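Common to both upcoming complexes is chain A, partnered first by chain B, then by chain C.
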Partner chain A sequence: MKVGYLGRRLASAAVTIVLIAIINFILFRAMPGSPERVLLHGTPNVTPQILQQTRERWGLDKPVFPDQFVAYVGSTIRGDLGFSFLARGQTVSEVLAQRIWPTVILFGLGEMLAIVLGLALGAYSGWRRGGAVDYVGNGISLILYSTPYFLLGMAFLLLFATTLHWFPTFGMLQAGAQYPGLWERFLDFLGHLVLPLATVAFGLVGQYAIVMRSSIVETLSEDYVTTARAMGLRDGRVLRRHALPNALLPTVSLVAINLGYVVAGAITVEVVFNWPGLGTLAVEALTARDYPVLQGVFLLLGVSVVIANLIADLVYGALDPRVRT
Partner chain B sequence: MRPTLRRRAIRALAACALALSVLLPGVGPAGAAGPLILRAGTDQDLQVLNPFNSVVVADFEVFTLNYDLLVNFGPDIEPVPGFAESWTQSADGLTWTFKIRPGMKWSDGQPATSEDARWTYQTILDGVASERGYLGEGYLEGYLTDSGVKTVKAPDPTTLTVTTEFATPLLLQAYVPILPKHIWSKYSLAQIGDPKVTGFFKNEPPIVGTGPYQVVEWKPGEFIRFARNKNYWGTQGAADEVIIQHFASGDTMVQALKTGEIDYVRGVLADQFNALKNEPNIATVAGIANGYTELSFNTGGKKKGYGGSTTALSDVAFRDALGYAIDNQKLVDTTLGGYGTPGSTIIPPFHTRWHVEPDKPRKFDIEEAKRRLDAAGYKLDANGKRLDKDNKVINLRLTWPDSEAENATNAQFIVEWFGQLGITVTAAVTEEGKLIDDVTGPPEGPADYDIYMWGWVGDPDPTSLLKFFQTSEIGSSSDSYYSNPHYDDLFKQQRAESDPAKRKTILAEMQNLVYDEAPYHILYYDAELHAYRTDKFAGWTNQPTQGGTPLFGYGSRGYTLLTDAAAVPSAPPSAAASSDTGSASGAPGASAPASTTPGSNASNSSLPLILGSIALVIIVAVGLVVMRGRRRTVEEE
Partner chain C sequence: MTAASIQGMAPRGTRWIGRGALIRRLLRRPEGLIGLSILVVFVFLAAIPNLIVGPLQTAVTATGGRLTPPSAVHLFGTDELGRDVLNQTVHGARISLAIGLLATLVTVAIGAVVGIVAGFIGGWLDAILMRITDFFLVLPTFVLALILTPIIRELVGSATTEVFGIRMTLIVIVIVIGITSWSSTARIIRSQTLSLRERAFVDRARSIGAGSGHIMRRHILPNVINLIVANAVLTFAGAVLTETTLSFVGLGDPFQPSWGQLLEAARASGAPGLGAWWYFVPPGVCIVLVVLAFTLVGSALDDLLNPKRQGRR
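== the complex of A and B ==
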């Protein structure tokens, strides 16, 4: 891959991140209602002195531009995202660090499962178009695609947890459990992971299967596939070496775009299963108007989506030489 | 014939199904023994473990389990011994002498004496005297300043003397936890109060206190775990551990109650509550909340400094007449699903000792409202619209905060009812932060609204619900800008009155005064809908006994009164048996080895987990098989 292509992609990603940071800042300052009032929410007898002191403590008495903005930029670069309003005594970075890896595990694994399953199903359906697998697979994919995550999650919860008692209802680990060893802890974690993971994987698999299927169908009607077949190459080889790589391209784009929506879905799935990740953190921070944490979450997610898109671009570039001009 | 791709896939799936069908059955719950754990679920998250920074109910619940108050709350929120065994008030009412219980120990074994109480109170007073005027979130100071506390002394280890500026029984209701001096005095005032200071004392677990349960583990956003305090001086509850679990979704919380994964839920919705009534082994309790939802008027009207749209708002007769056009019962039935109590006076019926019904209650009667409006001089114009005394059509703006979304239903009714009187009401929700700014009175704020709905939550003592009707609170906590010098006098009188009977008379007069002059129309007293399982713990006792809930009340009583439902009836939940309660409760396999699911009804861990991992592996394998199957077919060519 040419350095120029790589360089351009990196530069545009960097610019996007900077813009995100700026918009982040503006968005939260533009919210109605003064932040100091929100900070003091619940405190009885708020006198003007208390208001002024709060403003000073949190740097809200300085003009928004340039003072607050410069302070924001400076501290963000240093990685200091401020203090959480809600979890008093903890910095935003601490709060985010506590909640990030459950989300990464759940959604990383879920995406991977969905990709593998979806591509396999889609490829097979497209290859044997009209067959039993195609009909059934397509039908299920459409149903799953159109079902909202939380509905799917609640359905699994009601069936497998409440009725059948196969899996626990909520959480990542059993609260307060004492594990004799690492293995038991891991098993408990797995048990709690199954239902949310199934929700995420099944929620996403539909899209990948459908896109892959139509992409394969399209590719199979290309001239070069007909040529390959005419040359006497086996079906399997034609599919794997010639059709599949080209059919993969739309799916790669889809994966990248999806990451943005997965974030939204993350919130609903995590809330249903009480999974202690960024989704539940976002909901709590929103309800409590914990602006620093919300800003941190938005920044983190925005940057993740940009980086994911960057990687997708690079993968696309690796797969498709036509793009690397 | 070489197996085709399709046959391979079918074989793989068949193997999958076979494996699943073998592993699926035979999965059942296995209750392993271990500590007896009480699990309570709440939708409100704990924010901080340092009591000076506590604001929400969850925070207070945590510190009343960890720490004693100087004076605890009894079955009907009346004062009972806590850190102090007994107390006397001097003849002039200005000096209190508390006898601290001798021989108390902190949970780390250090002796707990009056010096700890003195230090705690003095630290708060130092905070009040400091430049900032308060420590942390400023919630604890009010309990001492409202009681006019001046000095605190500890002449000997079992005596605490407190002097006050004025005589008042309020000191006995101070919701201030007694903290261990030997732990806390290492930190400066700033380190105790300000979270942004280096060395801020977060008070992380294990926490040292004199209460029945001490925090040993906290996962923010998830749960907080308490272990029994072996040095506790009072009745030991049956639970060896308590876990308060946070839920982001109320539905999930209710499901967890049904499966037995938690034993108690706080804050259930009306329809979930109804469904739970029919569940076996689950009891529901509808308590009256210590608070209400009100319709507030901008009594400043169009006076200078106020942003009301009509002078009618300042007229008592107008506000009173409108009260006849509000059907509180209807609102309870519709908005609250029937769970709640129609509103009347400003001290909720939760306060069984102080609440009175109004002497001259209003009834819902649209015609009566119309008659009263006419009599007060508000005539209808040719279009059927009400005119105020400046001959302008009355248009009221109604709003409520976005954090109290259920008020949208109330708004629909009010628009309809007031519409029948000829008053047009435009209803719109306002973002909470902006609304707070709008309703702040002069000179601090614009007082820009006509009528709006919000709610108040009370303290164990009703003083906090009476405070904001004072004239001095305009520009601060007063949002109706009510001003009545007689009320201000009565407030000071009730605060100083130690005789309950006399105090009730004063409070009755205050409640009637506000009811008649109607700066607020109390719409309803919310309900606290809780539910709990009866098959694990017994001895659930409501606090207050009429209309309260077993947990999340005031203090740790509810927890210490719990008994083991599975225990032999003759086993008393006393301090002597505390160390045996867990294993002697008849749970099978008391010394179970490697228990991966201690003390809960959740399914046995191993089987479904193995099943789950295998299913995962198989799913991935199927995918890979399907993909690779083609290559193998090619290779074999």
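== the complex of A and C ==
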């Protein structure tokens, strides 16, 4: 029942996104002070006309439900999230758009590195359970898993930037630098990327290795692995062709579910290295109590995580026919 | 079918194995022994910080120079205001553990109630509660916590009120952690409740006229309490990490510095860039040790108490 599975996943993702929108709507109304005050915060020379315009635009002179809610949902779908308090005159969407790419690059690459390294380490230690790599790897994984990302980042910063001077300490590009060409600009960017990227990757590697290890251990006790061994297949072939593909399945959904938690780490790593992404934006907005931007970040990250989960579910469904029932 | 389950008693393994026996079995596992030893040390520090390092130093009562490296007088050096880092770290143990404990209680209480009610009552209530639970599982709850904390603080108002000697700002953190992290507990408790609901002792209670509320309190709850305890220990690790992270982005309370708050102060004063490792290494190591200890004890307890994991290593 492929269509049924797809339909259920899509419906569940849609419900989750609607719930995120509802939470945003409620939070906005729960704030102290009238909504128009919150909306016009920081706008110079508020005249009664501007006040009236704002009220009409957001439907604040109409009942909260359904009129205001419908207006809110409508404007959110159009990508209109209001104005930032902090960056005067800029819409929340504009502010978010400036900050999204650094985060996508840092965390896209970091996730990929961590997944490859973590799964390889986990698979190897699970396969050679009780061996030296297993003990050392498991210990390191547990310690990395217990370490807040930003702490790792601060340690890297102290070691590789302050003491050894291998890498710059903060930002994405050297402030005020003039580049002779695109290539130099790119190299400078890479130099700035190394430490935050290493922090993200090492922060994540522990949990992926732990999950993969237990998944492999579980798979190895399955009958089909025993059968494969009984057929006289060589160890490497049993691992690659029989154990690994099946053990990878649960990690797909765990990686997706973890994304929600990864976001917390993302924010703090960016703060440590002053990486100009959504995380530093969220903290700047938090410090300035710039609620529209905070809600924009929440909406954007929430919807991204839901979509990533949806994709993971579909991949899972394509890989494992058993879940499609 | 065993004699016990025919008689309608709780299944083996979910029964409370005496507390002494449990601790002995926990100590026999290396991860349980290491974890518990670390925790005992930190609980000791948190219980009597004043006797070990004297009262919490403030900018006024600071005894050292600005960001001085470790010396005989200041074993862990001083921070940017001349406060002794050892003093701050030991007092941080009390604050971090207290917030962690309270947040764990709130989280587990919400999770257990939602899980038991959803699993026992079933039907549309179960469907709605589990929909909400799934929502919180997927959501980047940390970002929600970032928005909720300042809003709840503004709604609560005065920051000077204290509950159990903890300032209101930190109580808000406790509440926010509770609201945003109960979902996995609820899922685990619900699945256990679902299987308990079908057992004979529930039918018996029902047939002698017990109401749903009574059965949930007196028959289901005692049978999931083991699971709740194991889960609470793991939740504690998460709660300490969440508190640390929230403090690190500036939501802590400088007047009651937790380890996360110390790390935030270290970052804000540029300690990593100035090479002042002594400022952030002590609180950092403490956080890693405590989270590690709770994770070790929690997974050992989970192996011992969770009926689904029995006999699996």
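Everything that follows uses one rule, which is that the second predicted complex is superposed on the first by the 286 of 325 C-alpha atoms of A that agree within 3 Å, B and C clash if a C-alpha of one lies under 4 Å from a C-alpha of the other, contacts with A are read in each partner's own complex, and residues count from 1 in each chain.
Here, a residue touches a chain if its C-beta (ideal position, glycine included) is under 8 Å from a C-beta of that chain, and two chains touch if they have at least 3 such contacts.
None of the values given here were measured: they were computed from a predicted structure.
Colleague: According to the stated criteria, A:297 is in contact with first (chain B), second (chain C), both, or neither; which is it?
Modeller: Only chain C is touched by A:297; chain B is not.
Colleague: Which partner does A:205 contact after superposing on A: first (chain B), second (chain C), both, neither?
Modeller: Neither partner.
Colleague: Using the touch definition from the top, say if A:98 reaches chain B (first), chain C (second), both or neither.
Modeller: First partner only.
Colleague: So, does A:180 touch the first partner chain B, the second partner chain C, both, or neither?
Modeller: first
Colleague: Per the overlay, which chain contacts more chain A residues, chain B or chain C?
Modeller: B
Colleague: Which holds for A:234: it touches chain B only (first), chain C only (second), both, or neither?
Modeller: first
Colleague: Now for A:169: first (chain B), second (chain C), both, or neither, which partner does it touch?
Modeller: both
Colleague: Report for A:16: first if it touches chain B alone, second if chain C alone, otherwise both or neither.
Modeller: A:16 contacts chain C only, not chain B.
Colleague: Quick check on the output: what are the common chain A residues between the chain B footprint and the chain C footprint?
Modeller: Correct list for chain A: 31-32, 154, 157-158, 161-162, 169-170, 271-272, 283, 287, 289.
Colleague: Which positions of chain C touch chain A when the two form their complex?
Modeller: On the chain C side, the touching residues are 131-132, 134-135, 137-144, 146-148, 150-151, 154-155, 237, 241-242, 244-245, 248-251, 260, 263, 266-267, 271-275, 277, 280-281, 284, 287-288, 291-292, 295-296.
Colleague: Under the touch definition given earlier, write down the residues of chain B that touch chain A in their complex.
Modeller: Counting only chain B, the residues touching chain A are 5-6, 9, 27-29, 34, 37, 39, 45, 47-48, 50, 53, 55-56, 132-134, 136-139, 142, 194-196, 200, 202, 217, 219-223, 225, 241, 243, 245-249, 251-253, 255-256, 258-259, 261, 403, 431-437, 444, 464, 467, 475-477, 593-598, 600, 602-603, 605-606, 608-613, 615-616, 619-620, 622-624, 626-627, 629-631, 633-634, 637.
Colleague: Would you pull the chain A residues touching chain C in the complex into a rising list?
Modeller: Per the touch definition, chain A meets chain C at residues 12, 15-16, 19-20, 23, 27, 30-32, 142-143, 145-148, 150-151, 154-155, 157-158, 161-163, 169-170, 257, 259-261, 263-265, 267-268, 271-272, 282-283, 286-287, 289, 291, 294-295, 297-298, 301-302, 305-306, 309.
Colleague: For chain A, which residues are in contact with chain B within the complex?
Modeller: Where chain A meets chain B, its residues are 31-35, 37-38, 41-50, 53, 57, 83, 86-90, 95, 98-99, 113, 116-117, 119-120, 123-124, 128, 131, 133, 154, 157-158, 161-162, 165-172, 174-181, 184, 187-188, 190-191, 193-194, 197, 234-237, 239-240, 270-274, 276, 280-281, 283-284, 287-289.
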